[in-house]
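Common to both upcoming complexes is chain A, partnered first by chain B, then by chain C.
Then we have the complex of A and B:
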């Protein structure tokens, strides 16, 4: 029998754990929007970010703050390297989308094997323990991890929104996302904007992986599954819609975690692939959000025919 | 001798896989790396039919190929209806999802794998006969892919790959061509799966994951896409190279990642240094007469 307290607990835990899913979806959706690439190499960025934090905290014995710094450094450096040595070269060569796809997939696999060789396949975490103190609030157990994770997610969302809305580089990114060639005609350096977009995606992945790595065990191939979740959320949220992807990630996280009420936990992993497949079959263009009246709505001039003959096309 | 025969069989199976994958990714330009899952569907279907239902092995292999054909169409139709790019994502979801599913079904061996698959030809005629069978099927696959690529179907695939919009404007059904090529390539992979299962007599879900995808993709990219001999050269070179590493006596925890690094690293090197692969394809479509055509 489903108890209200149990249902509330599962909903809260699902909401808290969706924090990193939102960040992964946001990073994937941003690169897809600006760089126009289904960046499967995001798995490589995520894995490197995690293992940098792991080395800083578990191998070098530094504290969590330096672990986070190392996580950022690893994520951003890998993202920049992929853009600079990979995507930029492929763009110059006018490589086909298929070629770029293959490149992203192979990079993620290559990095995964390198990490397997260095760290083995044994799952690990950033801190020696992944159990956090719990306090009861209104009958719901809230762990010490939950609120900082949700705060981190909210901070990243607000910062990204503010960056895109108010900064010069943010405006450049929107211009390149809209029409890269036209943006170049206006003097915006497309390659630099795409580099910045990848660096931001790397930073977002780093925050996500730091949260994930302090809550769950990670192995070199784990990032692929997390990234596929981001792909499903991006498709369902509507390609090009960053906030739609974030919202879809929350919904998918809630559905996946709540599924424990109805199906055995061993099948939860399978749900991810079901989401991915169903997203493409049922929502290939994502959800269509209702049109919002915008103050910036473009006004078009309607010309009236000057004479009856003109009106008749004569 | 048994080791050499096994290597010949493995090379033959990978020639079948690489040549059929080249038909999909090279000649038709369809982006998918889930080829090994159709190999798995063929292997599991054939093994289960022969083991549990007592179906004669050759018939079980053909049904396995048919199962791969049907499942590939079920994956390709909804995704290609939207965009070619979505095929890649849908097929990865299908591949990893099915592997996850297979791990939880104890009736087909679960994560531990399916054992005691009935052998074919080995007891009656010997391993060498099985190797001959695999090599003959590999040769027939290469010939069939060449026959398809150089005939009217090949001209359609070439036109579709180069300009889908123009192809559709001429009244051709692009989706039908894509789905049929994807289905044919996958059915051939399914047949190869049956051949694998009844020789090695053991299959497990993890054999058909992303490492297998990387391996087949490497064979096609390194050998040379859209060529007859490229996938053959790629399959031979890349099947023999990992064998060389095994002689170093490295532990499996090192051997697996090293093989993976070698496969993926080679693809990256070739993508930037020699994108056309070891055997370069012609820019123009060539018919069976061998002359280049602009049509």
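Then we have the complex of A and C:
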């Protein structure tokens, strides 16, 4: 069933909806790169960010701008709290990575239950309406949500890139990501850098949840399910590679949605798990892009032996 | 000695006064016989939002019965326990109702709890009334487990038949969530449409974790159906409908009771027009008593109840139990689960204030009319009543 109109529509919608997945993947990959944590507590950050926006807009009757501010406040505050009261303490106590991972799972579930007790299980959105009007462009339905969402995603990507590339804190983060102990020897306070990394991840999650919560319904357990996509994208995109994770999120969404052209719809959800399974089995240490490896290789200084006798140790 | 005499006299007076006081107040009511039933519902946890509203409805019914003189002069007493909608907690609650409170009948809901506590009801010969759970398995849980709520396939069959026979929509498509909510119901829909003389032109599903439905919806659009049936969950159904409309699927969309709530109209606006849902209880426009009931919620609680139809069934449950107790009491039968079951099946039909006539069947199911409601001019309006 390969119809050009259908294929074009699927590609466009997949691209537009990948906006929030890219952001979730980016936040997850950033914390993994800098803090070295598989942060499943990101679900808690996402949920709190959403419900802060919900309270601002739906309960207090504020406009969308204040909803976004509340979303940022909730996301960043939760991320900082998790780092300050959780990860930092666990680092001090030299907790094993597995223990930290379990801690993130517990935080995620704990926050989900607390939110469930406060807001119930009834799904909801940030704005009362979730229907966005559409315009037909060349037979493709483009909703009023699509372009602002893609613009928001692009803005976050550019800002993050610029932050890491041009700011002192960004360079500290790269240094800590490469070797935290060495960075500390050079006077970089790794705990502060990790706190900044978490705060940025919280802000990115807030943008993602604001986009998601204006298009689809959210309930306290929804973020946990959204996280799986971010994890898959991070593993497939290359652990430690932020832009690879972002690209993988787009490609995963496109492949998963386009698969309906070739396979029955019931198998669509299976695609994500198949990719995840293959990524873990084939790249247990994470996928590394060949370009990066060759770049590093070029920079490696090698000392060639001056003569065959030197090479033989004589 | 005088002091002692005075003291004794004072004591006697005090005793007489205390006795009189007891007679005049609580003493009599404490001795007045009560007829007890149990109610095990989620009062805490994620489902408490619904559970508490349903309990409130049941409590209103009990208060109403007692205000009108009770059951042959005896008070109806509701023993309330929390299940958290969790099978394990439900088992503890029902064990207490059966072993400590010695109730002959108890009401509970949520399929997981209903199934988990069924062996306790059967082993102890205590009647379990499931009020709100819709799993078809509930009809097969044993001799002492009955439902007052129609089970899952009743409304799907009704909406499928109505689409083909009354609306004349012969080319139907079905879109369903790939889980226990969607798969069996979609099968029932397909079979019913085929038997009614219609044709299923597309049958597509989506994953439980899906956040975009473009693919299956475009496949459905390509099949050019005259009507689309959606069997999803309350969490994603509004988004599916929104996307269907965005992609130009403007034919009527039917669904089931899961999407029947005012929020759908608020979320979708004009895109909700023409959406048809089912309700297993009469709405505000169908019965004056329902309107009074909803008005009471607005007045006393300041809002409509969460899950209105379910609260209607919970309101009616004590009314039905009171009718059986009354009959048992008049016949002088001991208040046991065995006698309750016999009497309930003997009475068989109950006229209930908020859900209409209830007919208990030997096969542990009930027959109730299905109300089809449609979004028209931004409001849910009754379109038809099927199976009356």
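One rule holds in what follows: the second predicted complex is superposed on the first by the 263 of 314 C-alpha atoms of A that agree within 3 Å, B and C clash if a C-alpha of one lies under 4 Å from a C-alpha of the other, contacts with A are read in each partner's own complex, and residues count from 1 in each chain.
Here, a residue touches a chain if its C-beta (ideal position, glycine included) is under 8 Å from a C-beta of that chain, and two chains touch if they have at least 3 such contacts.
All figures in this text were calculated on a predicted structure; none of them were measured in a lab.
**Student:** Looking at the overlay, what does A:268 touch: chain B (first), chain C (second), both, or neither?
**Tutor:** second
**Student:** Applying the document's definition of touch, where does A:17 land relative to chain B and chain C: first, second, both, or neither?
**Tutor:** Touch status of A:17: second partner only.
**Student:** Once chain A of both complexes is superposed, is A:228 in touch with chain B (first), chain C (second), both, or neither?
**Tutor:** Both partners.
**Student:** In the superposed arrangement, does A:3 touch chain B (first), chain C (second), both or neither?
**Tutor:** second
**Student:** Is A:216 touching anything from chain B or chain C once the two structures are fitted on A? First, second, both or neither.
**Tutor:** second
**Student:** After lining up the shared chain so the two structures overlap, which partner does A:77 touch, if you call chain B first and chain C second: first, second, both or neither?
**Tutor:** Neither chain B nor chain C is touched by A:77.
**Student:** With both complexes superposed on chain A, which partner does A:107 reach: first (chain B), second (chain C), both or neither?
**Tutor:** First partner only.
**Student:** For A:121, is the partner it touches chain B (first), chain C (second), both, or none of the two (neither)?
**Tutor:** In the superposed model, A:121 contacts both chain B and chain C.
**Student:** May I ask you to decide whether A:260 touches chain B, chain C, both, or neither, giving the answer as first, second, both or neither?
**Tutor:** So A:260 only meets chain C here.
**Student:** Counting contacts the way the document defines them, which residues of chain A are shared by the two interfaces, the one with chain B and the one with chain C?
**Tutor:** Residues 113, 116-117, 120-121, 225, 228, 266, 269-270, 272, which sit in both footprints.
**Student:** Provide the residue numbers of chain B that touch chain A in the complex, in ascending order.
**Tutor:** The touching residues are 25, 29, 31, 33, 78-79, 81-83, 85-86, 88-90, 92-94, 96-98, 100-101, 104, 210-211, 214, 217, 221, 253-254, 256-258, 260-261, 264-265, 267-268, 271-272, 275.
**Student:** Quick one: in the complex, what on chain A touches chain C?
**Tutor:** 1, 3, 6, 9-10, 13-14, 17, 113, 116-117, 120-123, 125, 128-132, 134, 141, 143, 212, 215-217, 219-220, 222, 225-226, 228, 253, 257-261, 265-266, 268-270, 272
**Student:** Using the touch rule from the top, collect the residues of chain A that touch chain B in their complex.
**Tutor:** Those in contact with chain B are residues 38, 89, 95, 97-99, 101-103, 105-107, 109-110, 112-114, 116-117, 120-121, 224-225, 228, 231-232, 235, 266-267, 269-270, 272-274, 276-277, 280-281, 284-285.
**Student:** Could you please specify the touching residues of chain C with respect to chain A in the complex?
**Tutor:** 44-49, 178, 204-212, 214-216, 218-219, 222, 234-236, 238-239, 242, 245-248, 266-271, 306
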